[in-house]
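First chain A sits with chain B, and in the next complex the same chain sits with chain C.
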Partner chain A sequence: MDTVADKVALRRAAQGHFSTWRIDTPFQPRLAELSRTDDWYSWAGYRAPHSLWDEELEYFAIRSQAALFDISPMTKYRVEGPDAEAFLNRLTLRDVSKLKPGRVHYTAWCDDEGFVLDDGTLFRLSADRFRLCCQERHLPWLLDSAVGFEVSVEEETEQVAGLALQGPTSFAVLREAGFAGVEKLKVFDLAEFDHEGGKVVISRTGFTGDLGYELFVERDLALSLWDRLVKAGELRGVRAIGYTALNRARTEAGLIVANADFVTSEHAIRANRLRMPDEIGLGFMVDATKGHFNGRRAILEARARGKLRHVLVGLEIEGNVPAEHAIVYHKKHKEVGLVSAALWSPMAKKNIALASLERPFGDTITDDLWVEIYAMRELQYQKLMKRAKVVQRPFIKLDRRTANPPADF
Partner chain B sequence: MTSFDCIVVGGGHNGLVAAALLGKSGRKVLVLEAAAEVGGAARTEEFAPGFRTSSLAHVLNRLHPDVVKELDLERHGLRLKRDAFIPSIALVKVGSPLILQGAYGESLTGASATEQTSWRGMRAQLLRYADILKPFLSRRPPDLGGLSLGETAALGQMALALKRLGKEDMRDFLRVLLMNVADLLDEQLSDDRLKGLLAFDAVLGAHLGPRSPTSLLGLYYRLAGEIAGEAGAQLLPEGGMGAVVSAIGAAAAKAGVTLRTGAAVGRILVENGRTTGVVLKTGEEIGAAIVISATDPATTFLDLVGPRDLDTGFVRKVSNIRMKGDAAKLHLALDAPPAFTGLDASRHKGRLVIAPSTNHVERAFNPSKYGEFSPEPVMEITLPSFSDASLAPDGACVLSAVVQYAPYALKEGWQTGKAKFQVAIMAQLEAYAPGIGRTVRHAELLTPADIEARYHMRGGHWHHGELQADQMLVSRPVAGWSGYDTPIAGLYLASAGSHPGGGVSGAPGLNAARRILQRRKEA
Partner chain C sequence: MKSWDAIIIGGGHNGLVNACYLQRAGLEVLVVEKNGWVGGAATSRELTPGFAYSNCSYVCSLFRPEIMRDLELPRFGLQVISYEGGAVLTRDGDYLANYRDHDAHRREFARFSKRDAEAYDRYARDVTRQCRFIQPLLMRTAPDPTSLKPRDLGELVYLARKFGELSAAEISLMLRFWTMSISDFLDEYFETDVIKANFAISGIIGTALGPMSPGTAYVLLHHYMGEVDGSVGAWGYARGGMGAVTKALAASFEASGGTIRTGAEVERVLVKGGKAKGIVLAGGEEIYGKVVVSNADVKRTFLKLVEDKDLPDVFLRRVRNFKIRGSSGKVNIALDSLPEFPALPKNSPCYRGDLHFTDTVERMERAYDDWKAGRWSADPFLDMMIPTTLDPTMTAPGKHFMSCFVQYAPPKIEGRDWTDADRDGFAESVISQIADYSPGFRDRIVHMEVRTPRELEAEVGLTEGNIFQGELTFDQLLFNRPVPGYAQYRSPIGGLYICGSSTHPGGGVMGAPGRNAAAEILRDLAKPRLHMSPAHDII
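Right, the complex of A and B next:
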């Protein structure tokens, strides 16, 4: 065992983590079977599909059927202990004491300067047990934030598989699959259900603005859960989808994505890319009355001194050409911002966009805004200057998202 | 709930200075001290029946002139006269010691003529450069987030002072600023005794050896101090270091400050990002809109405020303050004065240094990097009972020594290491003062662990944090918060952990009080 070749082989064996180009999620065997487009990208190091068969139809699976989307690459932390609530209250913007066991809320967290580190969803599994899901990795920050609290923080991204089941028939699929009682879940509720001798946590949450659920399960039970849903959904049009379709749905729902619609503060290289919650539409989360939380001093000071420089807005743009990454102008000549997500919304029947603008534009000055769209027409850009109107988000509001009991399609 | 305008946590000399200045400005001030008496590490304590000594800090060499003036300390009984200056003496095992007379070697006794000339040149240069840094001692470090007019002016003055040095000298100032002391000494001097003493002074109280980069800064810090207007001067206060604190305490009392001893603070109260007072360990609450913490920054934030009311990044920075002491303190009750080789008994009032060469100091430092104490420690010895006979019984003698290196986190632990270290120290003393061991009636060795426990200084570090380039000026105690205010509104820092640092200077207390008064004016 001591030839050079043996030693190299030994070393290689111990270095799987970086010789693997992209990690497979627990659902990869099913995704691979279904993939016709072979269109993969890296989501936080995991192999994830941009699309599986047809991004257009995948989108319509969300809106008219039920779409299965693998969210296992989402970073997940288990936060447990008697001080878990106090710890999360200090860490995040919203008041965690108002989050009851069995509930989920959308929240965000900031560094000392009040710049957003990430946004994510916080699942309260019990009084002192939480799951925090987000885009970026934060273990060192979470552990350093835990100093002085009786709490344990562990990353469970790899152990726990996640699935989003979204769309009008999603409830019917779950009922069909035998998750008795799932009809009782109201929006942002969660509950545990039996699956193959284990447990699956189902929450009525999602990233589509539609009726939908998210399911979390130990990785060993991932494939059997997938199969259970697909089988139950045979007559309900259940389809696996990739990120492109989801991205359209979330834009219609007006939801933002870290490092797409804003740069998280640990990733930003340029100082003027950092964003406070108020600058990306998350100001509503900031609870100045709940006691101390990271960034509180800086955020309140910026508010008091009028130091907020940016604002994230929804735009409705004339025409039907998506304004992806278009520059936003005031009076057609003054640059005031940039579009971060855009599409022709089949649901709203409107040309919509999310954009970051420099205040006061988008804040107090909302008229006479324009976007310059570069439309590629047979190897030539056609420059379109289109009028843009600041509108409320979400761009679409579907009653079925919140209807109780959920509609049975 | 009783309430005051200001509460000072910690009755060390910096806390008392801040309290006295705030009291003078008309504020109702309360000082809370955990121990039975005020003074912190600048006390005179009895360590054996009939034997008293300055218990931690034992040489006065940098009490800030503004503190002396603004608190009128000389009228409160402090004597700071040139005739009390004491020399520094480099002890030897054989031959004769080298003596730096007056204020840090205005003249040298026992060196060759060439060495005397070299030293005159070097001393003048050291003092010239230290003088450039001196104005910073009594100011807030510049606020990099937004320079005020005053700060810009102060930086301008420094630039002007540099310019006044002349082109060659200015270049040399910039060249040597971050050098190690050993290289500079080798450039200019040749007498090992002199070099050893200077190398020792540069690293005294720091986790540095003379060959560690930036070790020269320690010497500048030392020489930026002054007594009675003389840079580098030093004396042993009559009555021990406690007398200095008594004078400051008297000034505080005159200013109407209330002192409470035996009152350990358990928590600094924070409501809505603002302090509202303190809770004593007994549970008693005392209210105040302004709390000045004169205990070290790590204890202040991690223990008294607690991480829950602070931001994670700030807690990270505070937890990373390097503050593991590397110096021990030895007190000996001797039946008779020691006889140091070649030293005339008339020199017993001096500051006696065992640091025979730069190499010796460096070798003493080396083990401490790996969690071991110096087998042949270097030390600064005073015999305070020669300056104040009341400190020891008739005919007997007190020896007080700061001994390096004694790493706080001793690998084998101080439980067992302490006795071994004491043997090493006594062997070293015996080599320089043969027979001293037989005269020891009582010995008290304070390791950094003891210092931490007794004086509530985290890590047993008398500077409340390493005084090195990365923890100086705008980075003291942590970057972004070097100006005595803190992320908690109404809470200020006034300990040696803040700029400019440790030693019995009162400067952090002075600057903190000035900051509070200035903010009041602005508000």
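Right, the complex of A and C next:
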């Protein structure tokens, strides 16, 4: 077989991608049918819905029923081999040896100077097989880090379709769909289930702070999986949603988004935008006892020398006007930071925000903080100076998220 | 007898920028140009009826927006249109495209290598960081590091402070950028031949160095630090061809009261008692001026227009040693119809961008080997574009103008002058390369202009045909451009200034040398400079 000619033929077969700048996820036929708003955006080059029918109501579908959200554009890497655990331990902040097969953890990884390259979820599918999901692209970094380890790293974003099923009735939908044994999944558990002669990986994870699951399947089985869930959820109020609704839910859950709440180090043009884990609320991940990992020395040195310059905090703000991208002040005068996400939380009935502050503000000095909100109302800015209080994240804590067995609505 | 406040030798873009700023400061300024038209290397010429040719420079990105605005160039017709990317056609019948859309760009690279596709972000970040460091220096006079003048010290402090803001990693990256070959630099990011070749292009254009020669990484930066209306790194077509730039400059100059004389070749600068007093034209006519500014390159200015006896030895030696080696030529073609490239889909946006056929860095280096041996490249590197796919003003509908920048072409053929037969052989190397990828190409040709370094020197006035008026290697940049001690647009002769691309910050249709020189002249004359905008902020 002429492998060079085969390679060229494969390459040429893929030429036509330029005919659309936005490619479709495997679920696009269903999304297109459901979309009444025709409100699309680009998520890493995929056409993705901002909203499908009504962004307010889509949010309430997450909190009251079950919401289906297409997460296929998320970057996915398959990490496999006898040294997979050791490699990932070297790469990421948390102790991967503590992550048992059938478990998921939220983690992050850093460059040599300890600056965060990305955060993401690590799925341990078996003893020597993992899936790493994240926002940005890291193949060169992963491959270079893998030198010396017996491990293979493959990018599988397009091959694997992903769905998030989130909300109080999500468990009931899965059970109704016939995924026997799904009730055994505790938070951050995963298991494989049969679907149409193939396998679907279901994990009790999500980005909403609610009861919820994520499902990964080969792209060929994507539509049948969607249909199976929608059919099963007919009486459970299952609804497809877009990103705006999800973004509200994740802010209530206090979760951060790469390149929205912080700038990842391979994208930061300006050196002062780089962030260490402790500066974006991910310090808890750093396991200084597990042995060497990338960025360890720099992070520990910054801690020891008090060189951490920023801190990411949750804020509760007076009034009900969302403080999106507002400047944060100390004593109404000294500029100390910026809000990166904000909304009136329907679940907490509070005006909440995520903000990055310059230490010591938000760290040791937390009183007398203010945000300046520019609210555009009928072509005029209403300038509001509102008191802000540093509060714990998440802003809402729902018992149903962790309840075992999960509630059956 | 009339004495002008300033006489500018040469009506290229930098000469005209300089003239505009001086005239607008209230000086009475004369521009003398040897050709029957202004423009220098930025011209649009109708060489065959119905076809406007950008027959020297052919794309626009570096021209400073501050200058366009100060001199009201849009009012005088200047419009620059961003174009859509481009492609390298590969010998295996495929191509690698550059798309403006970030994700489409990544997917295109992934056809060749998933790794390289995902390496692009880091590459782009590193290049952007370096450009941001250098960009603010473009519109400032380089400080003299040996001077104790408060201004030079101030500028040195500015440089040092900028340097001090960099992290250790950024400083090491910067030193690598300034010294490495583009080939070595790209090896640190990418693994695929055609992807490296795609980026290496910007490291060799206009330079008598190969992609494996140290110093070419900086040349790449030089091509990245322009913009089209805020889109940094983007390149565009001047509507109406590159002559639109100088046409607008000339119109702006004349509207502010300036005078242009074309068809007036300068024979020498009049020097009396170490001071420039004016110029002598080829016919013997003397024109007097208080200040003389040369837009010609540093060699032409000081080795041809000024007598050796008026210049210090060391200065003369350095001018002689200034590297200004011709490396490129142009083949400009009028086409009856749009050429087809079967490898490129008919609806590809690449037809509207830059096209290339050199699909490995190795091939570029081999092309350079021919240059070293004193021959034009048997397998040349082409930077080819068809601006009429976006600009309807240059030809009739359906007809096209194609610009081919060709590298390498030596200033002399094995030590002797170019002949017409050489020129034809050079042209054939280009046409046959295009025809290999575009069947029927020869039949579409209506008219063709071939410019080797011989023509570029004779017709445009660029010594050895070097498009940058001197190579952009680090030994010839900043306070060493063109020569140490004379990097601030002045010369050993009082009242004689230089304002061309031989000076900081160098070549390309940028206008910054002309503008910076005007600032120095006005400073010397104690004239106001309020009409000169400072460099735009880099935020």
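Please note the rule applied: the second predicted complex is superposed on the first by the 392 of 409 C-alpha atoms of A that agree within 3 Å, B and C clash if a C-alpha of one lies under 4 Å from a C-alpha of the other, contacts with A are read in each partner's own complex, and residues count from 1 in each chain.
Methods note: contacts are C-beta pairs under 8 Å (C-beta built on N, C-alpha and C of every residue); 3 or more make two chains touch, one makes a residue touch a chain.
Predicted model, so just to flag it, every value in this text is computed and none were measured.
Of the two partner chains, chain B is the only one touched by A:Phe149; chain C is not.
With both complexes placed on chain A, chain A has more residues touched by C than by the other of chain B and chain C. By the touch criterion defined above, A:Arg250 lies against neither chain B nor chain C after alignment on the C-alpha atoms of chain A.
Once chain A of one complex is fitted onto chain A of the other, the partner contacts of A:Ala86 are limited to chain B, with no touch recorded for chain C.
After overlaying the two complexes on the shared chain, residue contacts for A:Arg296 are found with chain B alone; chain C is out of touch.
Of the two partner chains, chain C is the only one that A:Arg137 touches; chain B does not reach it. When both complexes are aligned on chain A by C-alpha atoms, chain A residues 113 touch chain B in the first and chain C in the second. Residues 92-95, 97, 99, 101-104, 106-108, 111-112, 114-115, 117-119, 121-122, 125, 128-129, 132, 165-167, 169-170, 189, 345, 347-349 of chain C are the ones that touch chain A when the two sit in their complex. Contact residues on chain B toward chain A in their complex (touch as defined above): 270, 273, 302, 306-316, 319, 487. By the touch criterion given at the top, residues 86, 90-91, 111-113, 141, 144-145, 147-149, 292, 294-297, 300 of chain A touch chain B in their complex. Those residues of chain A whose C-beta lies close enough to touch chain C in the complex are 4, 8, 11-12, 14-19, 21-23, 42, 44-45, 113, 136-140, 143, 155, 266-269, 271.
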